[in-house]
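Right after this note come the structures.
Each of the next two complexes has subunit A plus one other chain: subunit B in the first, subunit C in the second.
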Partner chain A sequence: MLEVHGLKKRYGRKKPILEGVSFSVRPDSITCLIGLNGEGKSTILKAIMGLVPVDAGTVLVDGEVSREKIAFVPDLQTMPGYMTIGDALLYMSDYYPDWNPKVAEELMGLFKLLTTDKILELSKGNQAKFSLVLGFALDRPYLLLDEPFAGIDLFTKEQIAWIFSSHYMEGRGILMTTHEIIEIEHLIDRVVFLQDGRIIDEHDTEEMREVYGKSVQDRMREVYQR
Partner chain B sequence: MQFDQRSPVYLQVVRWFKEQIATEELKCGQEIPSRREIAAQLGINPNTAQKAYKEMEDQHLITTERNVPSKITMDQEVVKKVRTEMLDEAVAQFIEAVQAIQIPLGEVVTKVETMYQSTERRKIDA
Partner chain C sequence: MKQYLMLTNEELKRSWKMIVSVILAMASIEILTVVGRVIYHERQIKEYMSYSKLTESEALRSFGKLSFGLASVYFGYIVLVGIVLVILYAVQIWYRDWFGESKYIYRLLLLPGSRAKIFFAKFTSLALVIISFIGLQWVVIQLSYAIFNWLIKDDYRTSSFNIPIELNQLYTMNLIDTLILVVLALFIVSFLFMLVLLERSYRKVKGLLFIVLEVVAFFIIMVGGMYVIEKLDFFLSQEISAIMLAIFVLYFVYTIWKSLRLLKWKISV
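Now for the complex of A and B:
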């Protein structure tokens, strides 16, 4: 279990962006952190990884304060312009002892990505695919994905969504952020709604459908339009 | 497979199997794909596939023994029950729809017979 307890964060003198965020991600399941733009979803992922300092809060991974079991793919836009996919894969395998070259190679093939392509020149869809290659090829029990479906067309979405129903999910707990859930609802185990720096609602998706007859989209409307 | 996002996905998967059992596309004793395979095939979450198979085991639609693929039940009674259940469900929905527009039973039955036969004929012609 990946547990986030009481995360608080304020940038400068502004209103705090996180006002005590707590939730957890079960192993072998997909948890979706939902919030509108600017609610601090990415800040939460970065805070979990220790990439931004927080004012309060702890993150426990299977009961320990350690990030070695979490994989996180940074925004590809921060990579140097000359870097090709091949360069990045080499870097990963040099840097991370738990890099799995076999998975990387398989996914590269399945997504039809070329090692000679420059990362910054990739289409949105191919960037999204390459991010997944980087995340899934790290043999770690937890994977954080920031907006894996943002800005890509329906067909690419379907190609990508496939990975979440595949054997690559085995032994992996996933936390993904999103501001829109259409087309991927049936892939998600649990949804956590973030608003005004707090978790205001959370549900198992199947339970929400079975008990309340509601889709995640329905619940999103109720939560964010009230 | 397209899913209704307002009803549980695992029950939609169970229903998908029931339809195939009722039409004997899946025959008694036939092996079915593993949970992993069905998740990938239908594009659903592996946990949902797991839950659907558990539900089918509970309803005695499939049998699972250790280390061998799950199979459709050999029990003909279960298959009969599935057919009856699906027919009841469809007819109940239909009755609700015709009652809502207050059509008398006699008229409904005549209409069902003629339309049923003409769609069958059309299927054969096609």
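Now for the complex of A and C:
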């Protein structure tokens, strides 16, 4: 289990962006962090990965303070500009002992990505796909995805969404942020609603649908349009 | 260790074109200034001879012979440009990871293991650039001296090998002096790294404030310390040197320690 306890973060003298955020991500499930722009969703993911220091709070992975069991796919390119996809794959296998070249190769084929292509010359959709390759090909039980569907076309979204229901998901706990909830609503197991730096609601999606008769989008409207 | 070596290689790979271009440009300019100075000197003597109707030896007697020191008088400025470029590189080597074509800083900070290897990889890259720069400068001086001797008529030049005074201090050809020069350069790099990491950790006003505080602290400790010790008139000159060396080493260690702490706990993407 990935557990986030009491995350607090304030940038300068501004209003705190996170005011004691706590939630958990179960293995073998997809948890979606939902909130309007600027609510601190990406900050939470970065804080979990230690990419922004927090004022308070802890992150535990299976009871330990360790980030080596989490892979992170941010919504931007993180490889040096001069690299080709092939260079980047080599880089990953050199630096990460838990890199799985077989999965990388399979996903590269699935997404029709070429090792000779320069990463920064890829289309937005292919960049998103390649980022997912880098994340999924790490044999780690937890995966954080920051806006994996942002700015990409419908068919690419469908291809990416397919992965979430494929065998690549087995045993993994996923935490993602997205605004494109309609396309993946049927895949999500749990939603966490964030507002004003606090968790204001949390639900298992199945329970929400069966007990309350509401979709995630319905609940979003209730939360953010009231 | 393997990751540190790979990262160092990666850093150099990212900059080698720029480094080689700068070094080649500087070496070419230096050699060209010597060639230009020789041609100019010879032309001046010839013009003086035809204008004053003098023989070559008479013209040389009144006009003077060209020394290598005079022919390489611009080397000091070019070395100064090199120093400024190394300082800029020490800053750029960090900032490109935040503001380059991609956000490579994410990848670096997420690499498995300690983040110290990021610092030391960048530090080693700078060290290698500085050592290459000093070594190549020495080679360029020797080369341009050979070109100078080959190009100029024997009668037109002085026979002694002398280089400009400011370069003489830099290139004494003495191992200890060269070592001191490298260590001083590395200290400046380490200090700059700490300032960059302070800014990248605290950002905006707070970041600037910490930078100002560190610079002021540096001057108080190093310059103030030296002033007080000398004013006390209590220590022998050798003891003063030892105290200053100890303060310098401690401060050097402090800059590295502080940078590593910032990278581990405070840095932000």
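Just so we're on the same page, the second predicted complex is superposed on the first by the 219 of 226 C-alpha atoms of A that agree within 3 Å, B and C clash if a C-alpha of one lies under 4 Å from a C-alpha of the other, contacts with A are read in each partner's own complex, and residues count from 1 in each chain.
What we mean here is this: a residue touches a chain if its C-beta (ideal position, glycine included) is under 8 Å from a C-beta of that chain, and two chains touch if they have at least 3 such contacts.
Note that the structure is predicted; figures quoted are calculated from it, not measured.
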| item | value |
| --- | --- |
| Simultaneous placement of subunit C and subunit B on subunit A, clash or fit | fit |
| Contacts of A:Leu114 with subunit B and subunit C, given as first, second, both or neither | neither |
| Touching partner for A:Asp94 - first (subunit B), second (subunit C), both, neither | second |
| Contacts of A:His167 with subunit B and subunit C, given as first, second, both or neither | first |
| Touched partner set for A:Ala150, first subunit B, second subunit C, both or neither | neither |
| First (subunit B), second (subunit C), both or neither touched by A:Ala56 | neither |
| Touched partner set for A:Met1, first subunit B, second subunit C, both or neither | neither |
| From subunit A, separation angle of subunit B and subunit C (C-alpha centres, steps of 10 degrees) | 160 |
| Closest approach of subunit C to subunit B (Cα atoms, Å) | 29 |
| Overlapping contact positions on subunit A, where the subunit C interface meets the subunit B interface | none |
| Subunit A contact footprint on subunit B (complex, rising order) | 3, 5-11, 36, 39-40, 42-48, 51 |
| List of subunit A residues in touch with subunit C within their complex | 12, 46, 49-53, 67-68, 72, 74, 76-82, 91, 94-97, 119-120 |
| Footprint of subunit B on subunit A - complex, ascending | 28-30, 158, 161-162, 164-167, 169-170, 185-189, 206, 209-210, 213-218 |
| Subunit A-touching residues of subunit C, taken from the complex the two chains share | 3, 6, 10, 14, 100-104, 106-107, 109-112, 201, 204-206, 265-269 |
